[in-house]
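Two complexes are shown next, each including chain A; its partner changes from chain B in the first to chain C in the second.
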Partner chain A sequence: MLNEIREPQCAQQAGASASDSGTRTSLGFRNFVVGFSHRHFREVSVAAALLVLLAALAIFAPAFYQPQPLLSLLTREAPTLVVACGMALVIISRQIDISVGSQFAVCSVSAGLLAALNWPLALVLPASIALGAALGAINGALVAGLRLPSIVVTLATMVTWREALRWLRQGEFVNLPDGAQWFGLSQVTGQITLIVVALTLLVALALAMKHLAAGRFVYAVGSDAEAARLAGIRPQLTTFFAFVLLGALVGLAAMMNVVQSPQVDPKSGTGLELKVIAAVVVGGVAISGGRGNLWGVFAGLLLLACISPALTHLRVEAYWEKAIQGAIILLAVVADGLRSRKERH
Partner chain B sequence: MNKFLSFSIVAGLACLLGCGKSSDATGGSSGGKKLTIALMPKSKGNAYFISCKKGADKAAAELGIELIFDGPTDPDPARQNEIIENWITLGVDAIAAACENKEGISTALRKAKARGIKVITYDADALPDAREFFVNQATPEGIGHRLMDEAARLCGNEGEFAIITASLTAANMIEWQKHIEARRASEYPKMKMVALRPCDDLKDKAQSEATALLSANPNLKLIMAICSPAVPGAAEAVKQAGKTGRVKVIGLGLPSENRRYVKEGVTDSVILWKTEDLGYLTVYAAHALAKGELKTGDTRFKAGSLGEFEIQGDNLLLGKPFVFTKENIDQFDF
Partner chain C sequence: MARIGGLKILLQLSSVTKSFGAVRALKGVSFDLRGGEVHALLGENGAGKSTLIKIVTGAHRPDGGSIEIAGQPVRHLTPSTAHKLGIACIYQQPALFPDLTVAENIALRLEPATAARKVNWRERRARAAELLQRIGADLSPEAEVRSLSMPEQQLVEIACALGAGARIVIMDEPTASLTQKEQQLLFDVVRGLRAGGVGIIYISHRLDEIFQLADRVTVLRDGESVGTQLVRRTGVAPVSNQTELAAHAGPENGDRRDACPTLTESELIKLMVGREVSHIYPPSEAEPGEVVLWLKNLGCAASGVKNVSLAVRAGEVLGLAGLVGAGRTELARVLFGITPADAGEIQLNGKRVTIRSPREAVAQGIAYVPEDRRRHGVILELPIAHNLTLAIHRRLFPGAWLRFGAERQMALEFIHDLDVKASGPEAPGASLSGGNQQKTSLARWLATKPRLLILDEPTQGVDVGAKSEIHRIIRRLAREGLAVLMISSDLPEILGMSDRIGVMRGGTLVAMLPGRSAAHEVMAAALGQAR
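And then the complex of A and B:
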């Protein structure tokens, strides 16, 4: 699976043969109809798994459904959702970005430091988004401009940003000034604001991916970059902007996380890349690009996010948590593998 | 995923080699027969170890030695081994390591010993035959008892409490938990531990875990956080749940990271030894060992401006853990 990601441009034949079997060249109407039912099968099964988990909790651990902890859980996951949306775009375009966790930390710490300098949050927010977009642009330029494999480029930037931050901050927390938490709003208003922002972005991006030309370009490039180019799309430009958009979303997400507590942990975002890539894959986006949608990602993220609190409520020992998450990811990947085998025959 | 794994390992190695070379170069250029001591934290971004490093730097300056400070970016036994191997190749004079996993690191440390490098451990021990001394920041017994005593005092000797740890595999945390449990069973049988959750050494995850603990255990009276990022994480969760005062928070942590919550009354006690002293004592001990001034069988050891420390067998003791509270927390700036 990684071969396919690593050599999106240089191995055109391999890419073409892999996506021939897919159903995602947006040009063929019949293909689209066949693909439609397939696509929805995947999202529906994830949503069903989520509902089963929620139902089990309702029966065995009704305490899970209390307003404050639930609101808190959703607020904690709101930034992750924003990053997952961006990651889905990048993966659909047949690339990957494993540096998001480090970008998140860089943006968080920078935003924290600016806030500590008494910058108004109305300025810190765009600064964080711009910084994220700039970090994304570096990845994008290296991947699209120099045609380097995205997993290697983002592995390098992941290590670089993380280590640079460690060197600069030495692990020290950034203390925010009073009034920065929840943008100065009350806790509940702040939490609801963050959730609404994340959901609005989800809906907007999901609709854009489906109905805007730019959205379709992403699918086209992810399915078959050469075919997309022949159809008049500029694959490199599309890839570049997918990375920039992901970076900007990471910058926004970082800010959404920073305002949730009065101090910034410079290690924040550690493991974020795994979390969002897992949500994207579980949500039915093909790691080989060109297929999937954001509704599935949303369901995938909620499913994975509920596992840990669910285990606490069901009094299952913490040893099981990662095993269960791993099993879900494996199940999703195997399901994808089986399906693409079936499609090939 | 195998390829991804090997990729990260290769990249990690490349990074480590780079770091090693640069410190070698600076060591070489200073000339003379300056001793080189390599100090390894469990993870180098952790403020706890950064604070240790401050004391270590002070000791290194006083002794006029070269100090290398390097470790995994996240607590990772395999990466610790790679770094030790690298230091063996570099030919440092002494290694002082805080071990993420007892068994995991011991082979590499034995190899270092066989090459004539003096090996001590601090903060978290390796197997005894893999090192000469362990600089014991506080015996696990001392820590476990202190935590449990504080918890019982705040709960009035009865009620439910939960523990948040860094990871379920960290040897020193497992040891502490054992002593917490032993103390609970013998002294406070009416206290009940209802859950143990790991937070991967991240403040954000600790907050999420604490939130779930609070809602799953309505009778919870206290959260005990035994790794440093978990203390402010748990405090923020208690505060957001509106349970300040009703659910107490105590833990092992840094005063600077908890000052806000201690003053607000969310966190009651932060327990820790003086971390800078730990780094300072470790470097002094490694230096004395490399010079042959510290030998097995000694019962006292003098470390610069800190004075004398007790040695029990092969454990060099830093002393009793310290409790930071609302009253004294402003006197400490680490």
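And then the complex of A and C:
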């Protein structure tokens, strides 16, 4: 930052004799870049880290860029991205939901059972989304309606859904009928469909957060719920709908996962909450609410997802994966902490 | 060391100054406290009492001036050195640990803070019992503090102060939450301390207490001491020797005291407020129109507002005066639906309305610029433009789809109109100065095109320049037909800006005075003195 502030002064001193019109335009452009990277410092630095990693892979392990493994990687991460978008909204509104993994499992198994009953996929999909939204609504009602702390509420629902599912299904897998996998499409088409769905949702939600009044309310409530209330916004309603939207996205993501294999694992979604929260935090969303955007979350998710294949391709022991991911999360949190400390002074 | 007939100077502040940013809280205050006297400190809200106390307890470091304690100059007074030098402060709300016993609470203050040491429980209890007995408190050392009443907790605080060997005890509005009987009990303890040679700085808004208890009173006004005077006591016989004090005081504090050795309540009130309203206030030119807000017996049990009846007309600035805690902010919060009313009637433009939430208040055309601007006036993380349009999304963006061009245009207009000093509409709220945050907060509410504007401490913590700008804006808004309800603890502001002045005390409206009232009339009503 210091360098960026000093540089224009140096330029002025050095180019005192230079014609000023040229200097001014280049300074204007530079000011724009500096201003942009200052305002979106976190997003820019995560994107830069991702680009560095991809460039390193291109040089040292070009095998990473073979189409089929890359497509598989992106397909695997597509459901995670969908959940991460919803989680970002909830965290921006200064709440958290750690029950997404259990919601994911409930929706997956339910979708599988419905498909096994020979429901058409065109009905299973909305059913799964509606179930997810209902589970999200339960969290939302408890958090917003009764004003309970979201970490405790969703801890309770996380355990409840997971254990209820275990008791009901006794750990049994659900076999999908023929034709359910990849929506009955060829594998490559199915994979591309999932990726396109995830990216479309990302773009739509990112635009909505910026261009819709509702998106602005989420930021306002997360920054200062009382101030938002005094401005005539209903913070509890905003919070409630953030949870419902997250639940619906979890339902969709579950469906996107179910179609990837011939069976539904009742333990699917285990650890999903950690993966998603990690992506959101690395992507620059402040855990204290009110700050961040979905583009950063996208970059954060890709960064974390690329670590594992990168290690394989660079022939580093795979054991390091979790440790490196942990270090990245720590770095992100420390960066946020230092920044908010600086702003306070 | 100065010795005056057994009363030695314990504390001497000389020309102490302290500023917070652009606000000069203390402009060279001198103050002295002697052993065996109760020295009352009096002043309006914001006169500098709290700042002075915080300097004595080491919480704030003065910018200039000197402090002497027991004749020794003290440079860097910190809370811990203040404690060691025998300074103790008893706040309105005792700061005790509710889950620990009385003896444990006393021990926490007095025993060394070493983690690994053996606790001598018997000694601990014995000392607690002894201290409580010394102040005549009938309390068990074994009692849990949670189970004690407010005055009993204050007694524990006093016992702590005594046990620490405090020679200087500061009491900040100790009787604010006490009943009459509890008050007398506390006074007895204070008199006991005085008899033991302790110097007591006593802060209170209740003039009768000061006349009962205090030996001398110092009045602060706008960060300056306007005089230290002897009090004509109406209570029990004094323990300290008043005549000796008076005899000595003459040459030291100038001729004012010789001329006026004792004083009456009304003289005291005049001292607190006595100043001319300066001419920086823009004159009122509005002709009040129709009644916009009309209240009848409005009450809200939860926030202590009761029985408020008043009317505010279009084009009129109604000032609401009163002490902190008189219920003015609470009334504003009732009107804005934050704590909805549960009694009485609200009429807006002649129509009866109920307001149950800020949302409904906004829909009815009420705007509220809250007191705590730093916390709730502007959202610090959002850019100015977003802050401005937060309350008018439905009007500015009917399709819920934000139009950044229109938003930016509006933000630029308001920035220009109210002269907000900012790098642009994109600058975050956190980057603005206090006065500009206040203007932004005001602009948000003006954007809603309200009929009634409630301002709560509109110029608190704002520098002088921004203050007169905000005053001009308020005048202009009134001229444009807005009804303005302005809460302020700044008496000159109330007097200079109001077309009429409502005075609140104890959650209710106690007086409605004309705009050109004298300061002491307002103050007398706020303090509850018969005029």
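Keep in mind that, in the parts below, the second predicted complex is superposed on the first by the 306 of 345 C-alpha atoms of A that agree within 3 Å, B and C clash if a C-alpha of one lies under 4 Å from a C-alpha of the other, contacts with A are read in each partner's own complex, and residues count from 1 in each chain.
Throughout what follows, a residue touches a chain if its C-beta (ideal position, glycine included) is under 8 Å from a C-beta of that chain, and two chains touch if they have at least 3 such contacts.
The structure presented is a predicted model; accordingly, all values stated were derived computationally and were not measured.
Placing chain B and chain C on a common chain A by superposition gives a fit, with no clash between them. When the two complexes are overlaid on their common chain A, residue A:R339 makes contact with neither chain B nor chain C. By the document's definition of touching, of the two partners only chain C reaches A:S223; chain B does not. The partner that reaches more residues of chain A, of the two candidates chain B and chain C, is B. Once chain A of one complex is fitted onto chain A of the other, the partner contacts of A:T312 are limited to chain B, with no touch recorded for chain C.
When the two structures are aligned on the shared chain, A:P266 is found in touch with chain B, with no touch to chain C. By the document's definition of touching, of the two partners only chain B reaches A:E163; chain C does not. By the touch criterion defined above, A:H40 lies against neither chain B nor chain C after alignment on the C-alpha atoms of chain A. After the two structures are overlaid on chain A, the closest C-alpha atoms of chain B and chain C sit 23 Å apart. Shared contact residues of chain A, touching chain B in one structure and chain C in the other, are absent. Per the touch definition, chain A reaches chain C in the complex via residues 210-214, 216-217, 219-220, 223-224, 226-234, 290-291, 343.
By the touch criterion stated above, chain A contacts chain B in their complex at residues 2, 61, 63-64, 66, 68-69, 72-73, 76, 151-152, 155-156, 159, 162-163, 166, 169-173, 175, 187, 257, 261-263, 265-268, 270-271, 308-309, 312-313, 315, 317-319. Interface residues of chain B, counted against chain A in their complex, comprise 1, 3-4, 7-8, 11-12, 15, 44-47, 49-50, 73-74, 168, 195-198, 200-204, 207-209, 211-216, 218, 229, 232, 236-237, 240-242, 256-257, 260. Residues of chain C that touch chain A in their complex: 336, 338, 357-359, 361-363, 368, 370, 375-382, 386, 390-391, 393-394, 397, 400-402, 430, 444.
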